[in-house]
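Next come two complexes built around chain A: one with chain B, the other with chain C.
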Partner chain A sequence: MPKITFAAADGETRTIEANIGDSVMETAVRNGISGVVAECGGSLSCATCHVIVDEDDFASLPPMEEMEDEMLWGTAVDRTGTSRLSCQIRVTEDMGLRVTLPETQV
Partner chain B sequence: MTANLTAAPRSCPVHHGYEPFDQNDPFPAYAALRSEEPVMFDERIGCWVVTRYDDVKAVFEDWKTFSSENAQAPVRERGPEATRIMLDGGFTAYSGLSARVPPEHTRIRKVAAKAFTPRRYKALEPSIRQHVVTLLERMLARPEAAGDFVRDLAYDVPTVTILTLIGADTGKVDTFKRWSDSRAAMTWGDLSDQEQIPHAHNLVDYWQECLRLVADAHEHERGSLVGDLVRAQAAGDEISDHEIASVVYSLLFAGHETTTTLIANALRVLLSHRDQWQRVVDRPSLIPAAIDEVLRHSGSIVAWRRRALADTRIGGVDIPKGADILLVMGSANRDAAKFDDPEVFDIDRPNAREHLSFGFGIHYCLGNMLAKLQARIAIEEIARLIPDVRLREDARIAFGQNLSFRSPVSVPVEWEARA
Partner chain C sequence: MSENGLLIIGSSQAGVQLAVSSRALGYAAPVTLLGDENHRPYQRPALSKDFLQDKITKESLIFRSQEFWDEHRITVVKGERIEKIVTTPDGTGTAWSTSGRAFPFGRLALTVGARARRLDVPGAGLDGVLYLRNADDALELKARTAGAERVVVIGGGFIGIEAAAGLHALGKRVTLLEFADRLVARAVGAETSRFILDHHRRAGIDIRLGSAVDEIVGHGGKVRAVRAGGEEIAADIVLVGIGVVPNTELAEEMGLRCDNGIVVDRHAVASDGTTLAVGDCANLPNPVPGSPAGERVRFESVNHAIEQAKVAAHALIGRQGEYAGIPWFWSNQGDLKLQIAGLSSGYDRTVVRSPADPLKHSVLYYRGDRLVAADCVNVPLDFMAVKQALTKGVTLPPDAVADPAVPLRSLLAEVAAPDEGNQPA
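So, the complex of A and B:
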């Protein structure tokens, strides 16, 4: 089963078993990860599901599309080299993804 | 939808006090609806009125069952004379995005979103701030030490911003505002056939300007949003000229109307909670959270429509296929099942940002970040330049009559005269 590890800005981590086909954002929201806000519900309009992907995992993800890249310029905490919007990352078989949550999303 | 609608007596128990077009204080009726009949058919507007948070959010999220195709339909059927004027004037606009449905909506939104990105409007921040400061200084220069934040500030700021983004004439704020008022009245107002006529003429002019802007961007290279859309089309993005003009028609309304209201409501509510205003003055970093709480407590759009595409249920109530539904976000945002002490305005509320004032899901407000940016700048500059500003004691703030838009007509304020 795919697993996603969310590390809060204060260091607390939670590992969640995810469903294939869900987005990482949906996985976070359904499991009460409060550091992912997702105000818009996944329509690429709010940039409040920002995550910083572990550097070792980043290359394993499909590359982001142009609009996700544009929206990442609107995050509350400035983007880093491995920033993604979690609504755009699909959970895949055997995924073992580790992400850190920014200090704030708004 | 019925054409002849009779006004019910004000305290009609059948509707729990709800008056669809009266925006002065709808909140007691919302509370009654939530507790007594959270999914109520209202024959005066031909809609099922949905008032609980979970139900409103679930309908927004399920776009396959609940279509947005009726979101821009006139609540009052268009009269014969208005219809003739609009037909003769070549008025063929309906919706840019909000009343379109997938896959068409998905295709057009993708192109429009590309031209409407955080980088584009963040670059505008210094000029927005300068505009706010100029307007405030002009207001402060008046000897009477009194003004109206709607007329003196909120009216102009977002309008000039969106006109700049679109590449329209920023010298014609009054014209664009008049057209927007006509659109709000024609679509969501309670107008007689006769009252519709001047608005019909305005909508014809408004749509012709949208078509002209697109034609102009084909003829000349324009560094504007319309220019971007035309270039995207030339580069192969699938979007027609009529669709570009329709997006412009949308943005020339949605791009300022509700932001004017947000700025006005933010000042109205913050200044009527003096202790919280003082905290914002002392700590401007509290402003973004305060804006989210304003959006929850006093959103610019309090109700929005959907249509059931199949027999379905909302909150346990059977809804027939084809039914029109009115999602009352203004009520959902005050549902005690979601928000503690929901009637209280509290800038420290931890979950204020879960309000539904921008909708939810595929139609979520494209301009939400731009709206919040402009409200933040306005409040920051007022807190800096006029921290002593207060609502006038004789202020009795009225709201315009409308099904969806809850806009204060004025926010009268005064301050200590400057030496």
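So, the complex of A and C:
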């Protein structure tokens, strides 16, 4: 099963077995990862599901589209080189993703 | 403290957030999250958007897993409609449902939301006159859509336009009737209304402004047409989206002050000094910094439900929470992604940024020289820059924002950066 590891800003980590086809955001929210807010429910409108992907994993993800890239310029904590909006990352079969959560999303 | 804990009536966005935030803040007593629908707590916004078009499943609308509720000791109750609440002066009491169940509580929260305003014309009760507020409405609309060819949408607000765009994309012949002289008049300015109108007309939706519906015409008990302004427009189904009415009946029976919603203070506490009211049903002091004193608002938005619920959770544990950020709204309408930052009410000046791309549009609103809001269509960069400016309490100079070639983000960096030359050493 695909596994997503969420590292909170304070260092606490949780690994969640994810469902293929869900987004990383849905995986986080349904399981109560509080560092992911996702106000808009995944419609790419709010940029409150910002995650910083581990550098080793970043290149393995499909590239982001322009709209996501634009939204990332408005995150509450400034984007880094491996920032993504987790609503736009689909869980795939062999995924073993590690992401760090920003200190705040709002 | 009573062992009965917190009873939250209404398990949509506000209720869910209040339950979650109360636990996050360390509230230890039992929490019951009660809803009158036979569904697990779910998100509404997509009902008129991706869900209507079968782009996402029911499961993806569910807020939290059952494991989450169990782990956080939040009891979720489905399908119970509360009809009577009795409270004592200390805030404890009991709520009774129509099925006769009693739900005693130590503290009560009303997150009862709003309901679709009903159309009041002859024929409004005909089979095929539909509304879109909750999951059952959406499921029925989807089921009826399959066999329908011609759809008349009554109301050119967010729900009406989103549904019209979605149904049009599904290949339906859609006519949209709006009573006012422009679309979404309550939420956006005239420039944005016109942009939205032009786009959807070009896309092929027949939109008629200033159109007053006289009657829904039926045949054999079923909808056949809509008569408006003396003209009959054939319809297999009619979707009504003419706004919502806050659900204040329970609060009124409890003797709580209500005025376009349940009147609460800035801590989300109602007039009895103990009951919490959050979300679409609440009428609150305008939380936007710099608002005129005494101005009150009622929001219908996800962002508000979340932020006010966090404030209410603080009140629950005897702390003062701050309403974070500034209100924002979104609406996805076919190819248009509309994002609104701030409240434009009271503006006296607009500046339109007109990018060359005909699918893009943004307008900034000013009260005097102060930036108060922006409507942005397919320009997340502008939306995000204005949202950040408003959150930081800074203004983007009106003369500078007009040039669409100048990124608002760079203007924001200029006005927000401290002038280092003037900083004390």
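Throughout what follows, the second predicted complex is superposed on the first by the 106 of 106 C-alpha atoms of A that agree within 3 Å, B and C clash if a C-alpha of one lies under 4 Å from a C-alpha of the other, contacts with A are read in each partner's own complex, and residues count from 1 in each chain.
Definition applied: a contact is a pair of C-beta atoms (placed from the backbone, for glycine too) under 8 Å apart; a residue touches a chain by one contact, two chains touch by 3 or more.
Keep in mind the model is a prediction, meaning the values are calculated, not measured.
After alignment on the shared chain A, the placement of chain B and chain C results in a clash. When the two structures are aligned on the shared chain, A:71 is found in touch with chain B and with chain C. Applying the stated contact rule after C-alpha superposition, one finds that A:29 touches chain C and leaves chain B untouched. In the superposition on chain A, contact of A:12 is made with neither chain B nor chain C. Of the two partner chains, neither chain B nor chain C is touched by A:55. Of the two partner chains placed around the shared chain by superposition, neither chain B nor chain C is touched by A:103.
Looking at the shared chain after the overlay, A:39 reaches both chain B and chain C.
Taking chain A as the reference chain, the count of touched residues is higher for C when chain B and chain C are set side by side.
For the superposition on chain A, the stretches of chain B under consideration are 7-15, 277-285 or 349-357; the one running into chain C is 349-357. Put simply, chain A uses residues 37, 39-47, 67, 70-71, 73-74, 106 to touch chain B in one complex and chain C in the other. Those residues of chain A that touch chain C in the shared complex are 22, 26, 29-32, 34, 37, 39-47, 67, 70-71, 73-74, 106. The part of chain B that touches chain A in the complex is made up of residues 60-61, 110, 113-114, 117-119, 122, 288-289, 292, 353-354, 358, 360-366, 368-369. Contacts from chain A toward chain B in the complex involve residues 37, 39-48, 66-67, 70-71, 73-74, 106. Residues of chain C touching chain A in their complex: 20, 24, 43, 45-46, 49-50, 60-65, 67-68, 71-72, 302-303, 306-307, 324-325, 328, 330, 332, 337, 339, 379-381, 383-385, 387-388, 409.
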